[in-house]
Each structure stands twice: as C-alpha cells, then as structure tokens.
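Take this structure first; my questions come after.
The letters A, B, C and D name the chains in turn, as written, and every chain counts its residues from 1.
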Amino acid sequence: MIGVKEVEEPKKQIPLVGTLKAMMVVGKHLFQKPVTVQYPEVRPEIPDRFKFRISLSLDDCVGCTLCEQVCPNLSIHMNKVERENQRNKRKIYPDVNFGTCTVCRNCEEICPTDAIYLTHEFETARTRNSFTYSPEELSMPEEEVIK
Amino acid sequence: MNVLTHIAQFFSPLGHYISYILAYLFETIFFIAFVMVVLVMMIYLFRKYMARLQLRIGPNRVGKFGLLQLIADSLKLVGKESILPRKRDDFPYKVAPVVVFLGLVLALALLPYGDFFYIGSLTITHSGVSVILLFAAIAIMPVGELLAGVSSSNKYAVMGALRGVAKDVSFEIPMMISVLALVMMASGRTSSPLNLESLVSTQYIPYGIPEVIGLFVFFIAMIARASYSPFDMGESDSELVSGHSTEYTGMRFGLFYMGMFGSIFLGSMMVSLLYLGGYNGPFSSDAGFVYLLIKTMILVVISFTIWLSLPRIRIDKFVNMGWKYLLPISVINLIIAGFLTLGVGLL
Amino acid sequence: MLVEIIEETKGKDGRRILKVAKENLIELMTELKKQGFNHLSLITGVDRKDKIEVVYHLHNFESKKYIIVKTETLDERVPSVAGLWSSANWDEREQYDMMGIVFEGHPDLKRMFLPENWVGHPLRKNYDLKKVQYINMDEDGNDYATFDPGDGW
Amino acid sequence: MKTGDVGLITTTLDKAMEWGRSNSLWPLTFGLACCAIEMMAIQASNLDISRFGSEIFRNSPRQSDLMIVSGTVTKKMAPRLRRIYDEMPYPKYVIAMGVCVIQGGPYNQGYSVVLGVDRVVPVDVYVPGCPPTPEALTHGIITLQKKIRNETDR
C-alpha cells in the first residue's frame, strides 16, 4: 500500500544565513586533497568484476561454435584458421566484432573449455571503424593488435 | 611623475609634440595589454580555483601547472571558422563584441591606480568628475550585449539580451544611490567629491566601516552587473543556450568571455577603491598599487566562491530583489549617510 | 454490473483481468470510471496474428486497486476511450503508430513517433524488416520517410 | 623570400594551431542515451577532463569543437544530429561513443536505429563499449588529441 508521509514545513531561515552556509560548505574543499586520478600516467582503479575486452586462447578452443550460437548481437562468427591444434579438429575459431559487442559475457559463460574469457583492457579507442578481431588478434593483448 | 611623462622622456629627442603623441599611443597600447594580461590571469585563476573547490586538479597538461592553457585556448579561438548568421543585422553584429570590450577598457582606464615605487603614479586619467564618467562607461557594456542579442536574429539571444537589460536597469540605480552616499560623505572633507582620487584619499578610515549597508548593496549590484551565477540569467545556459553570445564564434565569442571576467575585475576594483580604502595601506605609500591589487584579488576570490557555490535565482525574484529590497535599503543608507555627514561636520 | 463480461481471471499479482467484447468496451469503461478508476496507466496491444488484443491498465488512487481490461478485434478497429481519460489520447496514437490499431472516435489519430508516410507498423508480426526506410527532415522541421539512402539516414 | 621559407613558416604555424586545437577541445553538451551518463563522469572530479583543456562543456554549438555522440542515434534523431553538426564551426571533431553509435550495437537488426553514426557525420575516433567506461572515453579523447597532432595511427 502506498502511504503519504507528512512532512513538516521547513523553518523560515534568516536571509543570507543559508547563502553563507553554502559558501562555507564549498569553501571547505579548499583544504582537502584532490581526488583526481591522473589517468594516462596513473592506472585507474578498476573493479575486479569489470571486464571489457574479449580474449581467446587458441590452444584451448575446440571449435564447438557455442559462442556463435549464444551471442545475442551476432557479433561472433566462426572462421577457418589453418593451425595445428589436436583438440580443434574442425579448425574453426571465433572472430569477434567489437562494434556490436555489448559485453554481456554469455560467450565466457558458455565456453566449455574456458577458451574465451574477458580481460580488464579498456583502451580500445580507434580512429577507424574496423573492430572485427581475427582469432589471432583476439589471442594478443591490445597494444600488439594496434601495431 | 607618471607613466606618460616617463614614456615622453624616452622619446624626448623627437621634440615635444611628437614625443607626447607617441607617449599617448604607447600608453594606450600598454594599458590594453595590461587589461588583456589581467583577464587571462583571471581566467586561469578561476579555472584552477574552480577545480580546487571541486576536488579536481584543473588544467595541468600544457606548460608547468597548465600555465599555457589560455594561450592554447586563444590560439584555438583565433583559428576557428567565423560563422555569420544569414539574417543578422550586419554592422551591430560585428561591432557588439568590440563595444563590450571597449566599454570595459574605458571603465578601467578611469580608475585611479595609486603609486608604484619609482614609476610614480599609474593613474591614467585625471578628471574632476571621474565618478560620473565611470558610471557612464560601465553603462556601455550592456549596450554591447543588447546589440549582440538583438542583431544576431536568434530567439535565445534576444531573450538573453532582454534579461540582461532588465537586470542592469534594476541594479544600476541602487548602485548609484549607494555611491551618492559616499559622495555626500566625502563632500565635507574635500572640495571635489566627484573625483575618484579624492574619494579614495579622504578615507582616513575606509568608507566600508560607516557605510556597511552601502558596501553590501554595492557589492551585490556589482555581482549582478557582472552577470555570473547566481545572477547569470543573461546567459542562463540551461534554458537560453548561451544568452546574447549564442551565435558568436571564435574570437568574437572570446571577447564576450573576457568581458565577463573583466567586469568581475572591474567590480572588485571599484569596491576596493570606494569602500576598502583603495591604494591606502598601512606602510609606505609607494606600494599603493600593490595594496589595491591585494584588496581586489581578495574580492575576486570571494566573487568566484559566490559564483561556484550558489544556484541561479529566478528572473522575477531577482528583479524584485533589485526594486523592492536593494533600492529602499540604499535610500535608507543615503539618509544614514546624511546624518553621519552632519555628525562629522558638528564634531 | 450490467455489462456482459466474457471472462474474468486473476493475474499473478492478484489483479483482476476482465475480458470484454469490443461492442461493450465503452459501456464497461464508463462504469469503471464511475467507480473511481480515474487513472489510465497505459494502453498496449498484442498481436495474436489472426486478431489483435488491446489491453487497458486502470488504477484507482483512492482504493489503490488496479484492474486490467482486455478486448479483442479482428478488423484492427476499437472504439476510442479518449473521451473518458485525456491521457488515452497519446496512448492511442502510440498504439496506432506501432500496432496499426485504428481507434474509432479519436479526436486526432495520426502517427506519434514515425513520419506520416512511413510504410507499415513496426511492432506488428507481419512488418517487413528487410525493407529499409530512412528518415529526413525538411526545412520546417517536419520528418518524412524515404526509401532512398542518399536522401535520409 | 624563397617558397621553401614560406613553407617553413606555415608549417610552424600549423604546428602551433594543432597544438592549440588539441589542447583546447571544448565538448558540446549533447547526450542521447545511457552513454551520456558515462560522458558526464569524465567531467567530474575523479577523471577530471579539464586537465586536457576540455574544461568547458559549451551549450552553444557555435562555440564548441568536439561532439561526443553518446548514445543510440535513431533515424529520427539523425537529421537533428546532422543539423547540430552543421552549426558547429570548422575545425570540428566527432567522437562516436558506444557500440550503438559505431555499428548499431544491440539494435543492429532493428528498424529505427542508424547503423553507425559515420553514415551521418564524419567520425574521428570510435570508442567501443556498452557503455564505455569514463576511462575508455578519456582514452578516446587522448587518441583524438594525438590524431589532431598527427602522432597516431590507430
């Protein structure tokens, strides 16, 4: 049931007292340390559960296509890659389009061999609209992909 | 000795007339450069102070402590494309930012600055009626804003300009009446009470002490005239896009931006001259300019704190405040000043 | 109540759900408004392929009761309740825009979000997603739909 | 004066202008959807964007240099977005923030969303994520600064 709460009328204040109080509250900050994290030099604090970039372990991938099936945005497509891997007989590996990935982490959850996992990397800004990562690029860290 | 004679002495081999013409020219250039440097420093100070109050750092990437930030900003503003609205009123549109900036320079040129060590007096103009001239000069800036708003054929600009005019009209009258009280008090002590220099020199104790009410009214009116928060209804950025300067790009906008900071500086300077003793200080009178700058900077910081801590007042309440409260208070202050003058005269 | 109700059930959260023929809809709604259901929360439509179901959510602020009224239509036509609740005006326009339900007696039934010449109603099951339509704005600020990708976005 | 000398002067001037522009990017107050909440966070104390000179979120497009398209661009919004972009004076820069803006994101099979804002306005930097963290957007702004100074080819 929705109830109505009675609120008392605020007391009428002497003029200018509230103004001075507000200035005091703001002025107090002069004596505190800034909380700014100097981002490019200092690594910002990232929560453990924050994940962004998808990584792939090429040795663990078995080519089961479960990640492709579970992706809600059709970001994952299986690609043929010639590579010696005893477990991956079909030789198909996922490539991911970051241009549509919403980081729902369904692929990480469903992967039976934990080949797809998400990392803390977030510095993925680019000047070109080319966000499709091939399986090899997915297995590399972000800095190497850019090079 | 003052700045003018110093420069004229430098050019004295060229003859009397030419050296004085050159001296006037150079003094003008020096003064405008001084105003520019002061404004750039004000904007930098404001940014750093705002960042400090919000627990941030503020600009620190360009130069040491971000000191070159304003140079980068002005380079960018100069390099921007200049967009002219198609339905503009051409001449007023182009002349408005200059009018605002020149009004500011004109008003600053009329103030007495006191002595500065071996240079001597820094005061530029010596007029017998400089109080009246000063109020004429600070009435120019709103004209520029009105021109800018009306000529740029933009509904937000027109609204912002009209609000600015409403604000200026309702706050200039209490301001002038409180200065009238000062002139009245000074008239018992000097023969030329309409001169700013004699207004300053008659302050054996600063006028701010007997005239506390006048100081209060004048300070609020000064804040209102400079049109920043809590009185920024001319440029209220959440409902009118950017007020009278909505259509201006590049350096034309930069002039408006500097004019706003300039009117804070001008207002603080006027308050410290008229009410806080100006360039009078406890020690040597050679350092008069330094005293004046210190007083002005304290007032500027107080203004910035007001700017950064108070929300905007609604336009009708604000105009009511001017007409219904500040005007009667200033008239009462005038009567008090009359009695004080009488009392001083009897003593 | 005198109105003939086809079926009355209870929802999971205990709300009454009344099902009524569309001929009796206005009569029932007038009766409900008289009983104090003075707030029409929302109107939704359900596409059942062969027929369209229109659902009205009503709220009584005094007794704090919700009631849900459902009606069905085969020919996409339902009587308008805009005369009873003013908020129904925009709700019905939205349903007309998205579901293509024509509310008879509505004062100003035109599209709400999409431009007037947009083809199809997007939330219908038979809406053709393959046919891409673009929107552009003319000088006066009015939208128009176009099939030419060079003309709009 | 030889032509080469003029070229030297103009390149120095260009460098100075690039330096000025890159260190004074004033963004436009312009938020479309949920990404705008993350965009506001870059202005706050923790990731103070004013360190890079992007102090002022100008309200008027006439005075801003950078448009951060933050949030889903619907087909209905696209003409308005284009008009705001046209109102900005040159040189102007665009950051596409979030996957909806880059390639349509989760709505890429819908009827109402523009599949990439680069069909409407030219985009300088793309910041993927749904939504990108404020740190990622700050990295995007640093990338844009480097792009203006011709220092990066990401």
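Here is the rule we use: a contact is a pair of C-beta atoms (placed from the backbone, for glycine too) under 8 Å apart; a residue touches a chain by one contact, two chains touch by 3 or more.
Everything numeric in this text was worked out from a predicted model, so none of it was measured.
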A-D or C-D - the one linked by more C-beta pairs in contact: A-D
Chain closest to the middle, measuring from C-alpha centroids that were averaged per chain: D
Where chain A and chain C are represented by their mean Cα positions, the distance between them in whole Å: 39
Chain centre separation (chain B, chain C; CA means) in Å: 60
Chain A-chain D separation of Cα centroids, rounded to whole Å: 20
Multi-chain contact residues (two or more partners), chain C: none
Residues of chain D whose C-beta touches two or more other chains: 45, 48, 51, 109
Set of chain A residues in contact with two or more other chains: 34-36, 38
Pairwise chain contacts, counting only pairs that touch as defined: A-B, A-D, B-D, C-D
Chain D residues touching chain A - in the complex, by the definition given at the top: 45-48, 51, 96, 99, 102-106, 108-109, 116, 118, 123-130, 132-133, 135-136, 138-140, 142-143, 147, 152-154
For the chain B and chain A complex, residues of the former touching the latter: 51-57, 305-306, 308-310
Chain B - residues contacting chain D, complex: 47, 51, 54-62, 66, 69, 71-76, 79-83, 237-238, 241-242, 245-250, 253
Complex contacts: residues of chain A adjacent to chain D: 34-40, 44, 46, 50, 52, 72-74, 97-103, 122-129, 131, 146
Touch list for chain C against partner chain D, complex: 113-114, 122, 127, 129, 133-137, 143, 152-153
